[in-house]
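Worksheet: one structure, shown below.
Chains: A, B, C and D, in written order; residue numbering restarts at 1 for each.
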Amino acid sequence: MIKAGIIGATGYAGGELVRLLLGHRNVSVKWLGSKSYIEKRYADVYRNLFTLVEDTCLDDNLAKLAEQVDVIFTATPQGYLASVLTEEIVSKVRIVDLSADFRLKDVSVYEAWYKIAHKSPQFIEEAVYGLCELNRERVRSARLVANPGCYTTCSILAAYPLVKEGLIDVDTLIFDAKSGTSGAGRGAKTPNLFCEVNENMKAYGVAEHRHTPEIEEQLSYAAGRELKISFTPHLAPMNRGILVTGYASLKQARQEDGSMALPSKKQIRAAYEKYYGNEAFIRLLDEGVWPETKWVEGSNYVDLNVKVDERVGRVVFMGALDNLVKGAAGQAVQNMNLMFGEEEAEGLKLVPLFP
Amino acid sequence: MIKAGIIGATGYAGGELVRLLLGHRNVSVKWLGSKSYIEKRYADVYRNLFTLVEDTCLDDNLAKLAEQVDVIFTATPQGYLASVLTEEIVSKVRIVDLSADFRLKDVSVYEAWYKIAHKSPQFIEEAVYGLCELNRERVRSARLVANPGCYTTCSILAAYPLVKEGLIDVDTLIFDAKSGTSGAGRGAKTPNLFCEVNENMKAYGVAEHRHTPEIEEQLSYAAGRELKISFTPHLAPMNRGILVTGYASLKQARQEDGSMALPSKKQIRAAYEKYYGNEAFIRLLDEGVWPETKWVEGSNYVDLNVKVDERVGRVVFMGALDNLVKGAAGQAVQNMNLMFGEEEAEGLKLVPLFP
Amino acid sequence: MIKAGIIGATGYAGGELVRLLLGHRNVSVKWLGSKSYIEKRYADVYRNLFTLVEDTCLDDNLAKLAEQVDVIFTATPQGYLASVLTEEIVSKVRIVDLSADFRLKDVSVYEAWYKIAHKSPQFIEEAVYGLCELNRERVRSARLVANPGCYTTCSILAAYPLVKEGLIDVDTLIFDAKSGTSGAGRGAKTPNLFCEVNENMKAYGVAEHRHTPEIEEQLSYAAGRELKISFTPHLAPMNRGILVTGYASLKQARQEDGSMALPSKKQIRAAYEKYYGNEAFIRLLDEGVWPETKWVEGSNYVDLNVKVDERVGRVVFMGALDNLVKGAAGQAVQNMNLMFGEEEAEGLKLVPLFP
Amino acid sequence: MIKAGIIGATGYAGGELVRLLLGHRNVSVKWLGSKSYIEKRYADVYRNLFTLVEDTCLDDNLAKLAEQVDVIFTATPQGYLASVLTEEIVSKVRIVDLSADFRLKDVSVYEAWYKIAHKSPQFIEEAVYGLCELNRERVRSARLVANPGCYTTCSILAAYPLVKEGLIDVDTLIFDAKSGTSGAGRGAKTPNLFCEVNENMKAYGVAEHRHTPEIEEQLSYAAGRELKISFTPHLAPMNRGILVTGYASLKQARQEDGSMALPSKKQIRAAYEKYYGNEAFIRLLDEGVWPETKWVEGSNYVDLNVKVDERVGRVVFMGALDNLVKGAAGQAVQNMNLMFGEEEAEGLKLVPLFP
């Protein structure tokens, strides 16, 4: 039995971790950390878990927790983990960090976009970016996994085959993302009130959202060179779900007969099949069927599809996931499974809820 | 392995059955019947099940199906099962009927409220009303189970201890129910369009909804005499969930000291503890905490609470469930588990989704 | 031109007042008071009013404001107006108070339900309860109008003809109310976040909501004796709208032929016609058509209907209104129109928005 | 008094026309045409208009109607108007066509995208594209106005200053649009049911939506040469509102000092001010404030903003409108006002509803 602790257990991602770990055969949650709800019964914070979870919330003492558990999930604000992590801790316990503290390899990029100083840059290099489908092997042996952001998971997976196979001009990449409101967290803020979000669509963080450099870094690795993207997040009146619509110009490539041409529909699709054909959690939809967030709700799936628009020489690609599952807690469990030699899908065989 | 067939597999309740049975250890679905989608791939009708279900839809031949499976779920329009059921079928296969055909013992009541003739009244007597918490033992040996309605499951369970223990004047029972829109089915009708339901609350079927006699019959058994109720269903702008708010006048009863008095808060609560204290799927919430549909979403739970309002001499009682799970497919699986000697909760250990 | 000031202009009711007064021919808003947003541009608080309102928010100095305007609307927390009102103020300016401070005639009832001391009980007697359809004449000459609550307006208007005409047993009155979330205000509280309200139905304040004594007082006047009711408010996942479903037992009455009988459908309907037949803002729907909140959205209408359920000897009555219009700001403007001799519907000829 | 007739009065756009014309000082609606509801009372189709509209629905005889009214609005399916229009009709009455029949000047483009033959191409040339802010003078004298599409109005207005002023590379234009569900009409189709749209985001018509050539044609005029765009519409779980997020690469231009550089933030903003500074219905939001559909709900406003993203050399521009008002019925009334010499904003001084 893997003993797990959660720091930041009362945010939405923390609550989802508890939901998922309840269904995991080999994990037992030993510590529900929440600075704001210390000594409050957890099931009073998330009443969906009434009769299922009996524990009360504890404080968020990472060092103490490291003595008691095998794995720690940190679903905490940016900067928290970096400010308390020590070599002693990381040598005793394995960590899956759902914050952004160890996602970016260049500390100056982190500090520029997050506008805080990084308190433990010495761990950045060894941290493994936990996008399981791309970094599976490195995750297995990692002490510290940086669990990817919700937008980034969806954006990177949707674009990866195009970038990796050199099918597009990577300088034309645009990601237009729509997210449910749980991505904004459970903090009480006026803009997240029901009446402000309901019957409303809006963008935010235009050209300055923090997930931008994360997408850029990972796709740069795939491209073999640095690239920059446009990324626009929008808030949609729904609880869960992210839909990313991506655009890029196709790149002329030499064909079998020696001529130059844009990649064909078949070539594009083959690229997706190549990388995702055997992935349990990535569903490449049939031609002409576009991802919908409802079809993945509550599950760890990412639904993808792509279309060549010859008229304008562009490809449109799209991905959908549940921001709290594959975009946060589900991927964290997937990473934990890899780290502990569990079946990768254990605890994640969730059938999407419809309607 | 129990072999199961579903007739009416492409309605919302049918889709939910498929979702739940996918998670059941000992069931294999052999037949997805759907008159409207014959030969269409099931995962094209419910794309949430893409890669999970490979079958195509078959027609709804009950006799043929009875040869091939151990249990048939009928999630069909009123009158269908009654029109095709035969002794031969019922002797070969066990049936859980999600329609109303065999819920009411008095055929004239059925015909008056449903406005159709009952084609096989000979099976009414043996049919067992499948409200598991109340009829558990009889369900185990039933050949034909009448799976209760969504509103009725919630209403009956919420009122039962008060009626059974004689704590209220049963002639004052009023049920005011609010339902998500999946209860209206997947048929394409203008009043169920997004724009007509969203940002809207409305009642329907006022004083004439068909679940009324079903509640009355079951509570009459509990009361030991005939009773009549008021029942008003409302449509709420959400997908899933039923919330029933019930009202009744408390009844003066002789107290331990010989005096007459209204039942106390403690007595009322004790009645609920008595009947539901050991029920896995009924959660009696802490005092002062009222059921919310979101806390049971996707699960087989019924959340209940009750309050004595001394000021007016009434009790207010409330229940919440997911209309597609405990209100339909979940209860159907629970019945099947009882009928086949499976653990009652098998396939139903679903943690509610929040948010 | 009537000069108006609003104290509490940045709550949802305050914002709605501004919207409505912008469309009023003879009113000019001179003061937008908001303690929380002093010196902030009003159109930055309510961006729907960008280019329409140029003013910045001022503080909430009632005495100073009384010097400058003809009418003050107070859309403030309970207790505020009572704590600052003076004879000098009320002699200079007319006041429409959207809070509950002067709605209840019995100060002890106010203090018991609101759990605060009343600071200026000397104005309670003269304050006129501004339910225009019932108190029209007294409103015209009032210095201080207590604008009714949202639930109460809907509940009282829906039940009034039945009570006034003695058609029901007033001791059996039950009001089950469903409200949109704007009724909960714009304060940043976790339970009002989008993710907590969306896809959810819940009750709150069961048997202890503060609108209860207000309904009781007004209906007691109509009944000619004291009465007590059950009132249960519910929160629905929509922005605007209140739907009240009411229940009461019909009362045997002597018929024309001397016999005793329950009132007929025709008699019940005639009672509603009698009181509301000429009311511009009350729409008695056709038989069999039930009120829906969407049909009154954005308007000052109250839609009503009623049904006799002979089977159980009860009447079911229902009302729908927009809680921010007829339930708050619209009724406040209607009261102001009466007080200043304006056409009663001026500024309120709003066509409901559908869908 | 202008006498008006509406063909297709029972669709959502038709219903909105009735709502708006009820508030117009100089218009009287004489004919509510609806093939599906002939002889049905209009207020039974749109109950929000109960007591406000007494008429019953008539058939859709355009020739007969032309004898009786001054202006006809056709809110009809594609192909209808083209199939019945005659010189006699157009010489007697002025027409505002809300369908796409006369929006595209090149009949082969129409037939390719709409996949129907155009039955009266002889009127295409004289038809005026009724985007009032761009074609105001030509609308005044038009006999036949082609009222623009909802997506197109928003997309064109949001991009126009950039294209017209040559600030962008027009071959890089991408429009990512999100629409409320009323844009899908009132027809009863499964994908538009509440349960299918709620809690869901999805794209549709990817790279083949019919509004694409309309945007391309109008922006080509502005650019002075042919251009092609990417356009992706999405369905959002809300009733009303369109949000368009646009992207384009900035174009190097010669600066005052002779050097080449990308246009500055100031230059970009100046372009928007130049074209829209005096437009009553276009609101250029303050810097850093992004359009939200809720802020324009129920009104004829288009809210716009724009941002230079120097990091990637692109501009992000955004527009929001109410698809049933400025995107359909509101703009139709605006066109009618221009055609009949009315004040352009008459009937359209609608304050957006919030929340």
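Criterion: a contact is a pair of C-beta atoms (placed from the backbone, for glycine too) under 8 Å apart; a residue touches a chain by one contact, two chains touch by 3 or more.
As the structure is a computational prediction, the values presented were derived from the model and not from experiment.
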item	value
Chain pair showing more contacts of the two, A-C and C-D	C-D
Chain centre separation in whole Å, for chain D relative to chain C (CA means)	38
Inter-chain centre distance, chain A versus chain C - centres from mean C-alpha coordinates, in Å	47
Shared interface positions of chain D, touching two or more other chains	12, 180, 182, 195-196, 198-199, 237-240, 292, 294, 297, 355
Chain contact topology (line, ring, star, complete or other)	complete
Of all residues in chain B, those that touch chain D in their complex	12, 180-182, 186, 188-190, 192-199, 237-239
In the complex, chain B residues that touch chain C	172, 174, 176, 178, 180, 195-196, 198-204, 206-207, 228-230, 232, 234, 236-241, 243, 245, 247, 290-294, 297, 307, 309, 311-312, 314, 316, 318, 320, 355
Complex contacts: residues of chain D adjacent to chain C	12, 15, 19, 22-23, 46-52, 182, 198-199, 239-240, 283, 285, 289, 292, 294-299, 303, 349, 351-355
